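As structure tokens, here come the structures.
Okay, so chain A shows up in both of these, paired with chain B first and chain C after.
Right after this comes the complex of A and B.
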């Protein structure tokens, strides 16, 4: 198992290098010139040429790519064209906010979504099921940012219970987290319901009933662990969604996170900052995928078996 | 028949109702078994055998299954009227079931040994450690080394899984075992071993058993009584001797015709013509009529009542065959 984790961690390196090359190449071919951006429209040709030379923008593609990779390898993400501050520092300040928002959002989404879906499946085609799925449908159809704005209007502007934006104590986080867990919870509920319905008719669940176990035990001990597999598999995707959606929610609530920074950088055409944000998000994403796979292995022994050494198991088979 | 039946099923009727169609899976089935005896339920695929067994344990999938009526008397107690909490005490302890398909009957995310220990711990007041010890004994009993307790179902072969399913069914020394094609999924050598094992246990524990199969050879080896199921009805029922020596219903005769008979000169296979009836149709009269070589107009007019040919030998046919095999 440990060997597998190490192997997977090593595999992240080529993925990150690949994503850097990809993002760099896209940026390279993008129209627009950072030097012109920095100097403004009135700058002379010579001034621009000089700055380009200084920034290394006149070097060939491959040299610039190599330089970028080398500086990333030293954990140096470069300097923002706009603020002139090192990006490593800027991002280090923002990553915790983004992670807090999306991780808590995902956990709450799971904690509410799964029981809702399970309850719906167990009471299949009864009023509870319809109500549960109606809630989930509303949740999944409502765009996160719109919900966020509604919440701000109600709780912050009208009722004045919660601050409308910014960061600070827990009170500042309630609305953003609620908005960010909305889509996740609804998706989880629907997934939990459908995989639970599948599992509930399977032979081993009927077998569990035939053992005389009370229905509660049948559901939580036998059905749910098996129904969890597709749900867990979705968590990686949910993470990506919530980082993407986080960009909007961070903007709405003015939370200084990676998404907000990325949106800012895009409107400022801060190419190098955009590049760093994308690479960092990619990195977080690959790590999340690893965590997802490990969780799958924890639930499903068949997957775990593929990770650990095979020989021992084979030898034991009679 | 007499009142000393250990299990009596009376007028059991089960349907599977979906929005598209209704499958009449079990139609007015009645039978009984004496304590310690083995009843063979024989019939082709889709005849309703599994549905009968699951009705006894009340583990039919609801929906779509609807029990339209009937009584299931276990030792005189009607299981159909038992509250669910009481039924939970019956399942797994008094009455257990060996599932038809061992590949899907075990929970893939749970250790094999724990799946056996679970049923023991649920019904008996034992510590976790004692439960584990008993489960290990059960594994050994069905011929699997106790060291494999910690493994998961995917690490077991089909035959071993079937043994585990059997071990679970036998773990609490049931009074009544419903064995749903316990050997169909196994290859011939293992089949013989498993049957041998079941016969041995059956004899030692004076267990009552319903053995579901479509293998008449297995029936001949294991059963005291036989019921032939066709289209959700029992068309013929009697002792092993009744059925094997004096098969009376044309369908039963057909079943034997489909077997190569090694002892007599008749080597020719005469399979039953036609296809099994469509279980979604409600048919008045005999369901076997379309395939029956002896059928007349009369057969389709009204439901055919069972007649008692000799004491204990029932046949649902207007023109029972009389030849001796």
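Right after this comes the complex of A and C.
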């Protein structure tokens, strides 16, 4: 297992470098000139040229790419064009908020979604199945930020139970987390139900029932572990949704996270800040995907086996 | 003589078989009430998108300052907005923007995905490896974030929004196409086609693609919904289609500042988006079951 973890960790480096190159390339083709933006519309052409030269914007693509990669390697994300503050500091302040929102959202989505899906599958074609799947269907059909806005109107403005926006104690986090886990929970429930239904008709479940095991044991010991693989595979997609949707939810609740900062930077046309935000979000997401991959390997020994050394494979065959 | 006969049989039988399969899927689909409801709802929305201008009770851009923020009533089914414009009429006209984002982005994603995915799936080895590593890199950035960045780079408006959602979707579609091609690449009929000297593009187009049609249809149905949802998110952040155009997401975010005093301005567009998504999801679920080879028999 240790060997597998090490190999997966090493494989992450080219992906992160690749994603930095990708984001840099997209931003390179971005219309608009940071130098003009900093100096304002009245600046003369010489002034703009001078600043461009100073910022290194006149250098060729490959030189600027190299410089960006080198500064990222030293954990220096650059300086914001608009506020003039170092972005590493700005983002370090904001990452904990984003992580809290998305991680708690994902975990709650799993904790509610999987049991709901399993219950629906076990009671296939019964009223409880219909009700559960109706809830899940409505959940994936609503735009998350719209749901968030409705919750704010109901619980914060009309009933005054919870604060409408900002950060602070636990009370401030209830609404944002509820709205960010909505999509994930519904998706997980649907996936859990369909993979559970697949497993429940398989031969080994029939066998387990035939030898007279209690139904509870059949479901939790024989069916669910085998149904977990597609569910864990699906978690990656749920995480992407949670991070992407969480970004808009941060904007709704004015939570000072990376997403809110990204939205701010886009409206300010602060290109270097956009670039850093996306790279940081990409890194966080890659690390989360690594965790799901490790979970998959823990569940399914076949995956781990692909990475074991050749010697051991031969030894196994013998 | 014998050759002519085989060709004759092939020609006369092929269309009949295709038709029956299509009808069989439709038949299975019509047996599921949820799928029928979803499909009917979606047809209504498509109808609105095509004839919205003709059936709208008011001019969608008619400003009427005497009827600002009217709550829903019989005169104004969905109420009026900050300029006294009839929200129901605006939604009818706006359906074509929203649907064209959903469908247009899927056309781009599917075209790109088919090309990239079939290259990776069919040529295998080095080509596959290179393409998959590039896709790994692209997918290390969550889809919604990718769409937002692309929209920020491409600019505001309908076409950039379609492009951003479409290009962002290529990586996912490619992966789906590749996975399905890998599944059937090893089957006997592909070997048979190779043995009678079919060219690779012909094998892909004539023998492989028809066999992966069902997962493609399912993914496109889901993708249309995803495009609509994503575009509304872009509008909320001030990207995508801009306010004077009655795109649903833009209308929704137009009402976000007055949601506490006049919630209907924001509620109605959101409700319509949710109902549209519901119809697409119901249809997608129905299609998934109807196209499932396990249930064919």
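One rule holds in what follows: the second predicted complex is superposed on the first by the 305 of 318 C-alpha atoms of A that agree within 3 Å, B and C clash if a C-alpha of one lies under 4 Å from a C-alpha of the other, contacts with A are read in each partner's own complex, and residues count from 1 in each chain.
Here is the rule we go by: a residue touches a chain if its C-beta (ideal position, glycine included) is under 8 Å from a C-beta of that chain, and two chains touch if they have at least 3 such contacts.
Since we're looking at a predicted model, the values are computed, not measured.
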With the two complexes superposed on chain A, say which partner A:206 touches: chain B (first), chain C (second), both, or neither. first
Taking the superposition on A as described, I'd like to know which of chain B and chain C A:6 touches: first, second, both or neither. neither
For A:214, select first, second, both or neither according to whether it touches chain B, chain C, the two together, or no partner. first
Could you look at A:92 and tell me whether it touches chain B, chain C, both or neither (first, second, both, neither)? neither
Taking the superposition on A as described, I'd like to know which of chain B and chain C A:226 touches: first, second, both or neither. first
Quick one: classify A:63 as touching chain B (first), chain C (second), both or neither. neither
Chosen between chain B and chain C, the partner touching more chain A residues is C
May I ask you to decide whether A:301 touches chain B, chain C, both, or neither, giving the answer as first, second, both or neither? first
In the complex formed with chain A, which residues of chain C make contact? 133-134, 136-138, 140-145, 147-150, 152-153, 155, 225, 229, 232-233, 236-239, 252, 256, 259-260, 263, 266-267, 270, 273-275, 277-278, 281-282
If you look only at chain A, which of its residues touch chain C in the complex? 14-16, 18-19, 21-23, 26-27, 29-31, 137-138, 140-143, 145-146, 149-150, 152-153, 157, 239-241, 243-245, 247-248, 251, 262-263, 266-267, 274, 278, 281-282, 285-286, 289
Of chain B, residues touching chain A in the complex: 54, 57, 59, 61, 63, 84-85, 88-93, 96-97, 99, 101, 104-110, 118-119, 122-123, 145, 148, 151-152, 154-155, 157, 160, 165, 168
Which residues, counting only chain A, touch chain B once they are in their complex? 124-125, 201-204, 206-215, 222, 225-226, 299-302, 305, 313, 316-318
